[in-house]
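You will see two complexes here that share chain A, one where it goes with chain B and one where it goes with chain C.
Then we have the complex of A and B:
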């Protein structure tokens, strides 16, 4: 019952946050210097054209009414039309979203693939050379901005060594070609997370490995490898899962840069081009989509805590 | 204060961080007056120069001296980072204390606002605002400060809640001290430690955001140098010369790494309990 109430209150907060985010994005359009219709149509638009455009966009109506309409449209999944091409923005976002999602997911995949074994090794060999090198390198990769990493990877592997195709995605190419073009952008996003996951996992594994049931397993003569991967890894993974979930926002932010640096289509390049062409409705829509994805992932992660670790659910029952 | 720096210095990681931080501060403060060239002076004949005695770090695609521009960019980065953190620290602390003392509804309202602001990934929020309002240093500072306020607000609230009913504040109240006096003279100094640690750990974050926005062309307006614009200029001319990218990426790496290591060492020195692995 407590759990249901918790889920309910968490859902209510999420709804409030989303409405607040929509309000904030809407409020930003109110403070654009000058008339937005004039800004969109450019300095050479006639007053009549500006007026007609304002009317068509509903800009001449009261603010409260405009906000209600805006909110209603967002709820219906209508993010307006692109002012340049006149296409629905939802379609434009839907076209590029798979590229951003696949980039983000591959980055998470890479981070897990390398971070988990590294963390396990570091936890079972604390103080070893690999442990210390991994700690130092991971702080470095966490600290360095990922667009710097992206550009350095581009410079080293594509320009100097010529190992990877430089830019873009291959829409019709073979799977191998597509993966080759995905490799560097995904790696540029994943590098920071490999170290982060390794450090997190090392810390929580060390805690778990010190617990009584692990000592019992050791006394029974169970192989260390089996203990780590079969018995200790699962409970130790919870903080890592939580942090990964919360990190989706940062990853999405990073994906924007990776897309621009490597000239990949995606939400990032869509926003970037929209900013360059002052295509405000597209900027607004992309911000809303990113905030929406971010909030929903946070909600899922938050709700999954109790499910992942029964002890958390029990604690909340009390 | 000296004891804290001593403890930072005794850790190898802290020592490296402190040295890098001092180097970046020196570059930003005395670099621009020392720089041999005007950071915005063009010299097309000397474009894409490698490091030499005339141009210590080489020149960019317009023949501008990269050392002078890097120093100028360092000044911008420090200016943005320090003023942003100062605003966020001040406003966040006040709101956090207010939330701790407010009625349940007031507290909940402040926390929901924090939640809404935190729901925006900082970079996306900054991108949206700057894209709509136009670029400018002041806007970058204000926006990033707003997104960091919840950070400081939540910590300040938690700290205040844990101290609110402690005997020394009780004693002040019994002695008849005014609430603002208790807050300013007794509460704030006691909750400041964790907030200062948080502030130092947010410096590299702000430097990254400023550089990122400038990289996207919506941060520091040209021709003013920023590490982000240097990196972007270098990126677009990467096939002609690697030096602008190497210099800008190197500076950003050293600065963010230095402040991160320093922040971690400072945290361990001030209050090891704050340590949340990693």
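Then we have the complex of A and C:
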């Protein structure tokens, strides 16, 4: 019952966040200069065509009416039609969303796969050569912009070594080819996060390893490896999991550059094209989807705290 | 409640990464020289309808799936017969045509007949089912009707003489013939994007949004066999990525930045194709806004700018200088246009005479590197003549609205780039009085120019048309409201075994004319 109450409370907050985000995006589209109909139709457009297009986009309606209509349609699961092609936006998003989700999950997976062991090793061997090298490399990866990393990866692994393809998604359809085409985009997104997770986990693990119950375990002669992986890692992972929740949002945003640089289909390229052409309905829909995924992830992360550290659940019950 | 230990947690994280890959979709294999992969600057957008297309990527796709009565030859704006066996201008307002018999629309939509030609062309002058005109209705503005005189023959009747029809409509996208039956069965619409029924050399086999377009040779096509069994078009927005993909042989043809041509030419098996463009780039001056309404001020600005230096700096010297909007080689090109040279002293004198020795002006320009560099150079040049120039760099959406409506009245100087077409009427239409508030950002109003432009549009004798368009350009020059910079250049990287099919403006490409060299 308490769990259901907690989920209900979080869901209500999530809904408020979504409405707020939609309102913000809607407001932003109002203040950006330029006539979207003109931008879409280009130099050959006649004033009549611009006017007709403005009407089709609903730009001649009062702002409040446009916003209310948009919200109502969203609640019904109708994101409208693309003003350029007339296609349902839900279809357009559904076509590309799997690519973005796969890229984001792969990047998160790589970040966990490499970041967690690196953080554990650094925490259990503080001051060692590997710890110091890992710190320097991690900070380097965090500091270098993702698009620079992406171009470097392409130069090294695709052009010079010819290990991975440059463009987009799979051409042959084999699992190996799909993985090969996913590897560099995912790695370019993940590298910064590997360093981030490693540094964060190292710090929190060092804190936990200094706590009284760990000293007790050591006094009982429990092996250090068991102490770290069985008793310390779980509570130490809470800050990392919290950051990963936020990271999903950052990675969804970062996927835009990866999709552009690696010429992959996805929400990123869809929203990039839509912004360039002032295709507001598509921009709004894409932002809504990204915000929805982000808030959903954070909801799951929020709920996972109680599982990772029962003290949190108990504190909430009080 | 089931518990999850740390190992399971880590395993789940790793599994998520691997599982994510399962979303990727299977695609088609490319084999040998039967297939070629070309870069698109952006993804195509439905509807794939010749009269409601968005721009040139969609147009290029339609060119090879459909056929017109006539079609452009690669590398020129000369045309050759396509679906027509014969076509002839029998009077100023009548064009007779006879179709090749036996041209069949794929998908079982029957033979291409004169009725399909009538349906295709008359769509341009009749509102659609939704009551709206098609987007490219102006291409057929002079059309009165298409009269069907037989299964394979007909007459195109015009309201007024329209020589531009032979360049802007008939051999181009708007003149492509669709199937009436297929249209009535829902083809060419956005909700069924791949249902593009034609008689052309290729079929639209597949379109995966933001991923690729696959064109497959049409086995029923009754013309020269296209160079490749399959053409794959890949949207690559980032020019650096396109270059890297070309180096890795994932693309066999892509547009590149002119500055990178020398470097790419060193790649084994690569060659560079450089082609002068017919687009036009210029600095326009708003003749309505003081003090630019004084011709002496406009002449001073023109005298203060060294165009050769601007294009050397902005384009690394890779492009030639323009002396008017109509590029060399096109009808109406003004070969003897004045070569305005820089004269700072004369510019200062004119400004003093106009009473504005310390002029401050604003140049509005697009946020593209070449244009920004041009802006910086012009800024430095005008400073020498005592003119302080502020640069107002804008992104596409706001820039292309800057000269429209009331906002256009406040524009001062603007650096613009318009695309060119084969007929000079296309290039010169933007400077008529009716375009003030739309695309005539100079707000230049010359009834004499408008009369010449209108007259030339109805003249069928090419020499007389050219003379009238040159006279019109003389008026443009006298206004001193236009400082022509360049017609630009198109640079492509391609494999040395590939012969491309490109029209002179660079944007328009004939995929069926791409072939192994």
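As a convention for this text, the second predicted complex is superposed on the first by the 257 of 318 C-alpha atoms of A that agree within 3 Å, B and C clash if a C-alpha of one lies under 4 Å from a C-alpha of the other, contacts with A are read in each partner's own complex, and residues count from 1 in each chain.
Here is the rule we use: a contact is a pair of C-beta atoms (placed from the backbone, for glycine too) under 8 Å apart; a residue touches a chain by one contact, two chains touch by 3 or more.
Remember, it's a predicted structure, so these values are computed and weren't measured experimentally.
Residue contacts after overlaying the shared chain place A:20 against chain B, while chain C stays out of touching range.
Looking at the shared chain after the overlay, A:99 reaches chain C, while chain B stays out of its contact range. Using the contact criterion defined above for the overlaid structures, shared-chain residue A:229 touches chain C, although it does not reach chain B.
Set side by side, chain B and chain C differ in how many residues of chain A they touch, and the one touching more is C.
Of the two partner chains placed by the overlay, chain B and chain C both lie in contact with A:151.
In the superposition on chain A, contact is made by A:196 with chain B only, not with chain C.
Looking at the shared chain after the overlay, A:256 reaches chain B, while chain C stays out of its contact range.
Using the contact criterion defined above for the overlaid structures, shared-chain residue A:273 touches chain C, although it does not reach chain B.
Look at A:90: by the touch rule set out above, it reaches neither chain B nor chain C. Contacts of A:159 after superposition on the shared chain: both chain B and chain C are touched.
Chain A residues in contact with chain B (one complex) as well as with chain C (other complex) are 32-33, 151, 154-155, 159, 260-261, 272, 276. The touching residues of chain A, when paired with chain C in their complex, are 32-36, 38-39, 41-44, 46-47, 49, 52, 82, 84-87, 92, 95-96, 98-99, 101-110, 112-113, 116, 151, 154-155, 158-159, 162, 165-173, 175, 178-179, 181-182, 186, 229-230, 233-234, 237, 260-266, 269-270, 272-273, 276-278, 307.
Those residues of chain B that touch chain A in the shared complex are 13, 112-113, 115-116, 119-125, 127-129, 131-134, 204, 208, 211-212, 215-218, 231, 234-235, 238-239, 242, 245, 249, 252-253, 256-257, 259-261, 264, 277-278.
Here chain C touches chain A in the complex through residues 4, 6, 9-10, 13-30, 42-43, 45-47, 54-55, 132, 135, 138, 189-191, 193, 208-212, 234-238, 240-241, 244-245, 247-248, 250-251, 394, 396-401, 404, 418-419, 430, 437-439, going by the rule given at the top. Listing the residues of chain A that touch chain B in their complex gives 13, 16-18, 20-21, 24-25, 28-29, 31-33, 138-140, 142-145, 147-148, 151-152, 154-155, 159, 196, 199-200, 203-204, 249-250, 252-253, 256-257, 260-261, 271-272, 274-276, 280, 283-284, 287, 290-291, 294-295, 298.
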